[in-house]
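A quick write-up on the structure given underneath.
So that you can tell them apart, the chains are marked A, B and C in the order they are listed, and the count of residues begins at 1 in each.
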Amino acid sequence: MLSIVSMFAMGPLVLFVGSANASSHTADQTTRKNSGTPNSSDVTINPKTGVVISYGDSAITYNAPSTSLAKLGQALFLQNCASCHGTAANGVPADGTGGAYPNLVGVGPATIDFWVDSGRMPAADPRAIQANRRAPRLNKKQALEIASWVNSLDPSYPDIPTPHLKDANVSDGAALFALNCAACHTIEGDGDALAQGTYAPSLRNIPAFEVVEAIRTGPGNMPRFTGNLSDKQVRDVVKYVTTEIQHPQNTGGLGLGGLGPVAEGFVGLLIGVGLLALLGFWVGERQ
Amino acid sequence: MSEHDDHGTPVSLKGLSANDPHLQPAARNPVLVERVIAVTFVLGIVLVVGFGACYWVNAAPWTLGATMGGGLFFLGVGLVAWGKYLMPKGPFVEERHVLANTDQDRDAFAAAIVERGGSVIKRRKMLGGLLGGGLGLFGVVALFPLLRSLGPLPKGTLFHTDWRSGTYAVDITGRRVQVGDLAVGSIVTVYPEGRQTSDRGQAVDQTVLVRISNENFVTQKGRETWGPHGYLAYSKLCTHLGCPVGLYEQELQLLVCPCHQSMFNVTNGAIPQFGPAPRPLPQLPLYVDASGYIRSQKDYDQPVGPGFWERS
Amino acid sequence: MSSDVVNTKRAKANAAGPYGKVGQALNELDDRLGVAKGGRTFMDKIFPDHWSFMLGEIVLYSFVVLLVTGVFLTLYYIPSTALVTYHGSYLPLDGQRVTEAFASSVNLSFAVRAGLLMRQMHHWACDIFIGAMVVHMARIFFTGAFRKPRELNWTIGTTLLILAIVNGFLGYSLPDDLVSGTGIRIAFSIVLSIPFVGSYLGFFVFGGNFPGATVIPRFYILHVLIVPALILGLVGAHLFLLVRQKHTQFPGKGRTEKNVVGTPMFPVFMAKTTGFLLMVSGVIALLGAFAQINPIWQFGPYEASRISYAVQPDWYMGFLDGALRIWPSWSFHSFGHTIPFEVFIPAVVLPGIIFNIAYAWPAIERHFTKDNEMHNLLDRPSNRPKRTAAGVAVLALLSTLFIASSTDVMANFFHLPLTEVLWGMRILVILSPFVAYPITWKICKEVQAVKGGGKRKTTNVVTRTAEGEYVATAAPVYVDDAHSELEATPVPRFIIEEPDEQDESGVRTAER
């Protein structure tokens, strides 16, 4: 039913959307691999592969999930994920519809942890253009187990991050947020609709480590921020998000949803002018 | 009709009895209404004084507004109620005078202008013409400082940016971008080296750098060398109204402008496929130098940003 | 006075005349200024007090609030684009290089006592000012108050609306924050789009290419001096014409084209209007206390390569933003020149057409109705179906354009793709006037067809007979309706105090 509706919606969209899009969506996902380099003076890179060996920046510590969890992870994976991602996690499910789902080999533990921990995976509707955040079906330990197993197929980066927010500079974070994040997530962090039914989610309710994972792995249509942001800069952004965005200083009163001047206009017209007109109704006469 | 004085009030009307119904309060129970109004006045006074107190102790901003607002509001309610319910209820009437004067006065007015003015102009046509011409020319010339002194001529300013052959692409901190920095699906805003905090660098030179593959990427014919190692650079100024096109959807490979949702396809030279933007985002030709830094081959091949008359 | 006046209290009181010390003072004033006759006439002036006439007062009093709060703001705001390092109580900005305009606005919000309240009151007052102006203008339009002899006042009013919208835009751009700075960028591009002279005009107004260092100081002086001076002058002319031509009134008992029925200026009208001023100020202060508006500290300073999603201009500019979003990308490009019609038409031509129609409306109506008579009595909107329907159609167009400025927010809220929302808005904007016109026209016709429609209804008492029939009879008129049965009387020259019985509260029991 949903596919018929979305096909209907796609129909007129084809007039406006280039035909390349539908296929590039899947083409990109089957070849996805993390090849970024964090901007840190202590980073060590394997010169042959260009893959990071160690980060060295103390602002965020990255830890690979223990390999001993892999066996449990495989069992969980076969139970919850293989129906779409395939038993080899390569995006080819058993019914042979190859290439329709993302290839998870080599995406790195942080990617797995992000999607499972935010409840987006296992997907509620595998055919939806974007999975919604919801209450996670698998807990943190289970997410790590799955991440451990998938990582064991082809170890990659980034690992599970732990940001250390104590020395973060919230002002630098605000500036970086405004330049890099506000274009999609809005300056207030409420998120908004994007092209073709995708959307940038609200940032009001996500834990700090998930912010790091999203920034470093670029889930879905979100771009990946790798070498151009150091761990210190990412930590500053996380500090800003977990303080100002999630606990805004609405010193002026009710925040009106952070929707901007349109909301203010409605309040000004309906409550302001409307109330005053009603009061004018009392002050004046009815004849 | 009785005689009226020249303001429309009948002179024979010496006065109105104080018992006249027109002068009575509108309220059925004026005493009760007076008490209610007194209460609102007291409430207003208390709140207004409360504003003073809140200010004195530097209380939260909302208390200042609540006390001031409530105080003014209740004082206002009381005053309106006084006028509406306790003051003479009327209704009263006044006559409208015809605004137009008598025909005699109108003729006199017209005669003054037409005959006197006409006699002057008829007899001194040339002088009148010269004066009119002079004042008209002054009006035109007076506009010159009001407009031209305000700012410089545009000349070629809108046609070029500061990107040149070999300019390093740097991010907002001034750090040069290296070929190994961005993963596929990554984005960074870049500026010509040295210009990242200047007005012009931000407003005109701003460029969005995305990496859409690990190999050279060709967006259009003639741009075979522009996308080294999969790096593509487009002007960040939307061709609609100049907003920064900072919204990048890596799977859909669209750059979306947040202002009015123009969508540009990064794989074919940022051709707009939806929304009000009329032209593709100009693409900046890049190359990677021997040390791995991303640099521009030359300036954009067309003016960046929204359209204007001189843009060919 | 004779020299042998006895120096007693009673003698002094008698010497002072029948109106005592106050009368003496007024006489002294009249000696110097000659105000007695004019003053009396002024205080006798009658104001009809239908509730819809209060809308203009909302506009006027919110303007008063704007002036008062605006003066406060000018004492703290610094109109400069020079960069300073912000050090203040708002930590996310601490250490950032921002313009002095932005820093002074943030300091005004956090470091100045009552500063945030004044800023928010100023901004809310502006939204209400323009909102009430539109409603007031609609009232004038739908009741035909713009007809002879008041066409000039209509022209002044339309100009005031344009000036208010411009001043609002200039004002909220002053703090130089991310959201309003984006608006300035868009304004620059709109000026650029004007054929032939666009780039010159843009460079002249901005003192160079965008952003330029002079745009904030120029906006400032326009916003606090030049445009308010024009507005004040025009408001003065607007009120002068109102006093000279006298207010219009609805037709009714005892009301003709040649009189005005209502309340006298002093004391009744003054009491009510001053009370309303206090109420308007109070409501604006309450909004300023409880509803946050334009939280510039959350937006951060404007930098030309930063942008936020989900931003719109303030509501009164919304119709322009909506038009810019839905207009197709039809750019003209030929012979070595570009005319960006996708910008020029929605942002310059469209408002030009709308406001010119507004200016020309009295002449348009005179042309179609061939009516050159003086009109001091108002129309009931339902009695002029074509005019009412035309007005509603234009309002429908402007409202849908305003809604179109939030296409992304709607797409997010309703979980629809952006493209669908945009096409939906295009269709809605084009259809809305053509749907609104016939529906409004029909409603007016139906109201006209109902006997006594639009008039205040009398209550009925419904009784059920023993056979089960229902009979409705008019209810007895209540005492407080009786005053509307009185004939209007001219304002008395003076009041004759008659001693009659009073109760202990001093209330005279008068015959009714």
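Brief remarks on what is shown
Following the convention adopted for this analysis, contacts are C-beta pairs under 8 Å (C-beta built on N, C-alpha and C of every residue); 3 or more make two chains touch, one makes a residue touch a chain.
Owing to the predicted nature of the structure, the values given are computational and were not obtained by experimental measurement.
The innermost chain, defined by the distance from its C-alpha mean to the mean of all protein C-alpha atoms, is B. Pairs A-C and B-C differ in how many C-beta pairs touch across them, and the larger number is found at B-C. Subunit A and subunit B have CA centres that are 34 Å apart.
For the pair subunit A and subunit C, the distance between C-alpha centroids works out to 45 Å. Subunit B and subunit C have Cα centroids separated by 18 Å.
Of all residues in subunit B, those that touch two or more other chains are 61-62, 65, 80, 84, 172, 189, 244, 246-247, 258, 261, 274. Residue positions of subunit C with contacts to 2 or more other chains are 116, 120, 272, 275-276, 279-280, 283-284, 287-290, 303, 305-311, 408, 418-419, 484.
Counting partner chains per residue, subunit A shows two or more touched chains at residues 16, 175, 179, 182-184, 194-196, 251-253, 282-283.
Across the interface of their complex, subunit C is touched by residues 9, 12-13, 16, 169-175, 178-179, 182-188, 190-197, 199-200, 240, 243-244, 248-256, 258-262, 264-269, 271-273, 275-277, 279-287 of subunit A.
Every residue of subunit B that touches subunit C in the complex is listed here, in rising order: 7-10, 13-24, 26, 28, 30-31, 55, 58, 61-66, 68-84, 87-96, 99, 147-148, 150-154, 157-158, 172, 189, 191, 197, 199-200, 202-204, 206, 236, 240-244, 246-247, 258-262, 272, 274-279, 305-312. Here subunit A touches subunit B in the complex through residues 16-18, 20-21, 24-25, 28-29, 32-37, 39, 45, 50, 175, 179-180, 182-184, 194-196, 198, 218, 220-228, 251-253, 282-283, going by the rule given at the top. Listing the residues of subunit C that touch subunit A in their complex gives 49-55, 57-58, 90-96, 109-110, 116, 120, 124, 127-128, 131-132, 135, 178-179, 250, 252, 272, 275-276, 279-280, 283-284, 287-295, 297-300, 303, 305-316, 318, 402, 405-406, 408-409, 411-412, 416-421, 423, 456, 484. The part of subunit B that touches subunit A in the complex is made up of residues 61-62, 65, 80, 84, 171-172, 175, 177-178, 180-189, 210, 214, 244, 246-254, 256, 258, 261, 263, 265, 267-268, 271, 273-274.
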